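Following this line, the structures themselves.
There are two complexes below, and they share subunit A, which is joined by subunit B in the first and by subunit C in the second.
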Partner chain A sequence: MSNARVAGVGLTHFGVHPERTSRDLFAEAGLAALDDAGVDPADVEGVFYGNFMGELAESQGHQGPLAAEALGVDAPATRFESACASAGAAAREAVKNVRNGEADVLVAGGAERMNNLGTASTTEALAIAADELYEVRAGMTFPGAYALMADAYFHEFGGSREDLAAVAVKNHANALENEYAQFQREITVDEALDAPLIAEPLGLFDSCPITDGASAIVLVSEAYADEHDLDAPVAITGTGQGGDKMALQDRESLVYTPAAEAAAREAYADAGVTAAAVDVAEVHDCFTIAEVLAIESLGFVEVGEGITAASDGLTSRDGALPVNLSGGLKAKGHPVGATGTSQLAELTRILRGDHHNSPAVPDAEVAVAHNAGGTVASAVVHVLEVVE
Partner chain B sequence: MSENIPDEGYDEWLDAVADGSGYYLSCANGHGSLPPRRVCPHCASREFAREPLPETGEIEAFTVVHVATPQFAADTPYATAVADFDGVRLTGQLRGTRPEDVSDGMTVEAGVAESETTGERLLVFRPR
Partner chain C sequence: MSNARVAGVGLTHFGVHPERTSRDLFAEAGLAALDDAGVDPADVEGVFYGNFMGELAESQGHQGPLAAEALGVDAPATRFESACASAGAAAREAVKNVRNGEADVLVAGGAERMNNLGTASTTEALAIAADELYEVRAGMTFPGAYALMADAYFHEFGGSREDLAAVAVKNHANALENEYAQFQREITVDEALDAPLIAEPLGLFDSCPITDGASAIVLVSEAYADEHDLDAPVAITGTGQGGDKMALQDRESLVYTPAAEAAAREAYADAGVTAAAVDVAEVHDCFTIAEVLAIESLGFVEVGEGITAASDGLTSRDGALPVNLSGGLKAKGHPVGATGTSQLAELTRILRGDHHNSPAVPDAEVAVAHNAGGTVASAVVHVLEVVE
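So, the complex of A and B:
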């Protein structure tokens, strides 16, 4: 079995670009990835494309071929939809295809256009990732769902809005030098606490912004990389996916995300690593509480102890295990269907040494990406390693 | 949702809760869930019995929503909670109390009310 090498990565600026179509966003990211890889577009054998709400935002379904066409790739293309884990799921299938020898060159990526809808309609669109009958009709919003998890977490393990604010402060600090980030500015704990409430206990600064953007990675087999003398030192060595009940009310507990635990177990076993070997991670901090749950599910800290990881400095840039050096969804932004491959792009750069925050982890060899859909009814985890 | 076509399973269930005869599905192994179900989400049992919904439940987690979907724009701020009805959990909106008075562990009963924004009916909890 061949490792899937990440030959190239590409991103658009993440931010407010309501006038830009998702096809154009994806073309920009995909072309950047192909250029970064030095791969001839004619060699691409398939496009695995993540998108969540194209029907609602752009009245556009069937986006796979549209994305490939925009990128100038004449190959089969399929759209993957797993809510906020859409691009992670797309990348996972592409990784499996390369490893199984089905293909030598694939593009995985995603795009999302959101800001053309406005806040109320975007809130409505995001809510379709929850259970329509039993959650959304009772007035549950997406921030509301994570707020329920935060409330349950506080109740079971303790924790405060200050602890959550520390996650946001950390991630904003990490994005300062990230030219792709929606927010390149620092915030303080007090600013976060004083911001308007969205769904208590979560406020505006506990929540990722509404973002337009795209991301892409080029995956190649080792044989192709060798044959074309590509500089592709990073491989995706582990992939895992987990699932859970859709609605929070049907979960065993509101404070665990077993889908992410299962995905991590599978990805670690696949790569032959343990959580202790991980040097750096990008996790799905759509809300500050989500980062807490993520680092617990990934086995970086004990369950119930993730709440203080940011305020204690464990996960900060200078900490033992830096988390979200890109700025995370919180500060870099969260174009829903593009986030999973955006995390893989950031981690590839971090491991290659050409990321603004590479100097924080100069010896990093093992990285983990955690991409979650809904209230983690879907979770995709990838392990990336420097193999050359 | 569209044009008065009911959602089979769900709408009868909501009717039942509205007239005080709420129920839940209990599988052969005693796991609770809500219709429509053909398979227990917890153990894959395909045998269900209808059990009466307990009169009261206890709030397990709640949030006060300030930014809502357009369907609830005029309802804000409102509290939404997951409550444990001893065998099955429900998600509902709090009525008959101010959002700031809601707390974890609060005893509630389930009922049906209307969204102030759209008039659509929804599952609600009222303090008992």
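So, the complex of A and C:
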């Protein structure tokens, strides 16, 4: 089995691009990734593409062929949909295809157009990632669902809105020099606490924005990388996936995300690493509480201790384990179907040393990406390593 | 590399089930497949699930976790969407996972709920599988698109509405004893010709119906089959996928489906067989003309000769190469996201000898399934063989 190397990465600016379609956004990210890789588009054997709400936002399903067409490649393409983990799920299958010799060159990525719907309609559209019969009909949307999880966490382990605000403050600071980020501005804890509540205890700054954007990575076999003399020092050495009950009411607890735990366990075993070996991570902070749950599920801190990781500085840029150096979903933005591969793109650049925040982890060798769907009813975790 | 064995198959009745959700339908098909396989649900390591229009028909995306939950399995699940080839795309990745040792037991399947939208809205919903910018906005829906392809075919190679009607007559006859089929009744050529035109030259009986239903197969590694002493004589020995421009206007010709040709080429090479070795096939006859194009792309007949295959008896139950012994999409029905794996289920039963139409091909050893998305902008082909 050969490792799947990340030969190149590409991102669009994440933000408000109401005049651009998913195919248009994906063309920019995908061609940038191929250019970064130095790979001839004619060599691409398949496109593994994530998109979540194209049916609702663009009246466009069947986006796989459009994604291949956007790159000008004559290759089969498949669209993966696993809510906010769509691109993570796409990348996972692409990684397995490459390492098992099914293909030498694949593009994995995703795109999402969201802002054209408007905030209220987008929140309703996003809710289709929850259980329509048992959650959405009762009025549940994701801010409310994550607010329940935050409340349950506070009840079980303690913590405060200040602790959550520290997550947002950290991630905004990390995005300050990220040219692709939706928000390149610092915020303060007071600003976060004074902002309007969205669903108590979560306020405006506990929530990621609505984002248009795309991302892509080029995965190649080691044989292909060698043959074409590619500069591809980073490999995806571990992949894992987990699932959980869709509706919160059907789970044993609101304060654990076992799907992410299972995904992490599988990815670590796959890569042959432990949580202790991880130098840097991108996690799915759709809401600040989600980052807290993520770092616990990934084994970076004990259960119940994630809440103070940001306020204590553990996960900050100069902390022991920097989390979301890109700015995370909170500040970089969250174009749903593109987020998973954007994490892999950011981490690849951090490991290669050409990320604006690479200096924060100058000797980083092992990175982890955590991509979650819904209230973590699905989760995909990847381990990236510097292999040469 | 171990072959992926089809240990079990399951289908719901295909038809009008407006009171049933996709998860409900999938539970029935998936549990039937596990029961047929004699596999403990606790052994299932993943669910590869196809669904096309859940967002529009059920306000439900992120159906992967629901599919796993429906089977009562604690395993990760991913939803694949490639229009009408969704379940084929799901099965393809599942096959590769099993044969490459990534998993020993996977369920591949799909479900679709369609009738609750009503005919006009369903036709509009289906149109999101075409190019929204360049086809749908101009008024194109799939009956119109396939009518253009039929007209182009007639112009290029000749043929008549009678030839197309022969396809429908054959497929209706094949479904007569299929307890899962939407239509268990014979039709005549005259009935087909006298029926209302939908989009000239295609009439009502040239078009598949709107269908609710689900299908599933259980894929296991040879090691697992041996260890559990499973009766699983059929393997999926070849898988292939192809892609094409989404919009008809961007293609060189309307009378070829190169995505299906590429998928067939790959699947045959993968299995180490040729078209001449195929004993029986299920092809994607969403419209009668689609079956004609399919058998040409699969190499069963020369280009331009597919039009008379049904009227000449080549593809009939007692012909040299029986096609759509299940009744095909035309008579069995076409629950979009479930069709790909329903073809694999039908062919497995034919090869095992326990299908109502198995007697038509008593010594069948090699079967082919052809599943297409949109106007064949995506295509997945699988080769099934009796391996013990």
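Throughout what follows, the second predicted complex is superposed on the first by the 388 of 388 C-alpha atoms of A that agree within 3 Å, B and C clash if a C-alpha of one lies under 4 Å from a C-alpha of the other, contacts with A are read in each partner's own complex, and residues count from 1 in each chain.
In the analysis below, contacts are C-beta pairs under 8 Å (C-beta built on N, C-alpha and C of every residue); 3 or more make two chains touch, one makes a residue touch a chain.
Note that the structure is predicted; figures quoted are calculated from it, not measured.
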Which partner, subunit B or subunit C, touches more subunit A residues: C
Subunit B versus subunit C as contact partner of A:Lys245, first or second or both or neither: both
Partner chain in contact with A:Tyr134 - subunit B first, subunit C second, else both or neither: first
Touched partner set for A:Met149, first subunit B, second subunit C, both or neither: first
Partner chain(s) touched by A:Ile198 [first = subunit B, second = subunit C, both, neither]: first
Partner chain in contact with A:Ala77 - subunit B first, subunit C second, else both or neither: second
First, second, both or neither for A:Leu254, with subunit B first and subunit C second: first
Subunit B/subunit C common contact set on subunit A: 132-133, 136, 245, 250
Subunit A residues touching subunit B - in the complex, by the definition given at the top: 119-121, 123-124, 127, 132-141, 143-144, 147-152, 155, 196-202, 245, 247-250, 254
For the subunit C and subunit A complex, residues of the former touching the latter: 21, 46, 52-56, 58-62, 64-66, 68-69, 74-83, 89, 93, 96-97, 100-102, 128-133, 136, 241-246, 250, 259, 262-263, 373-374, 377-378
Sites on subunit B touched by subunit A in the complex: 1, 7, 10, 33-34, 41-42, 60-73, 75, 78, 80-82, 89-93, 104, 115, 120, 122-124
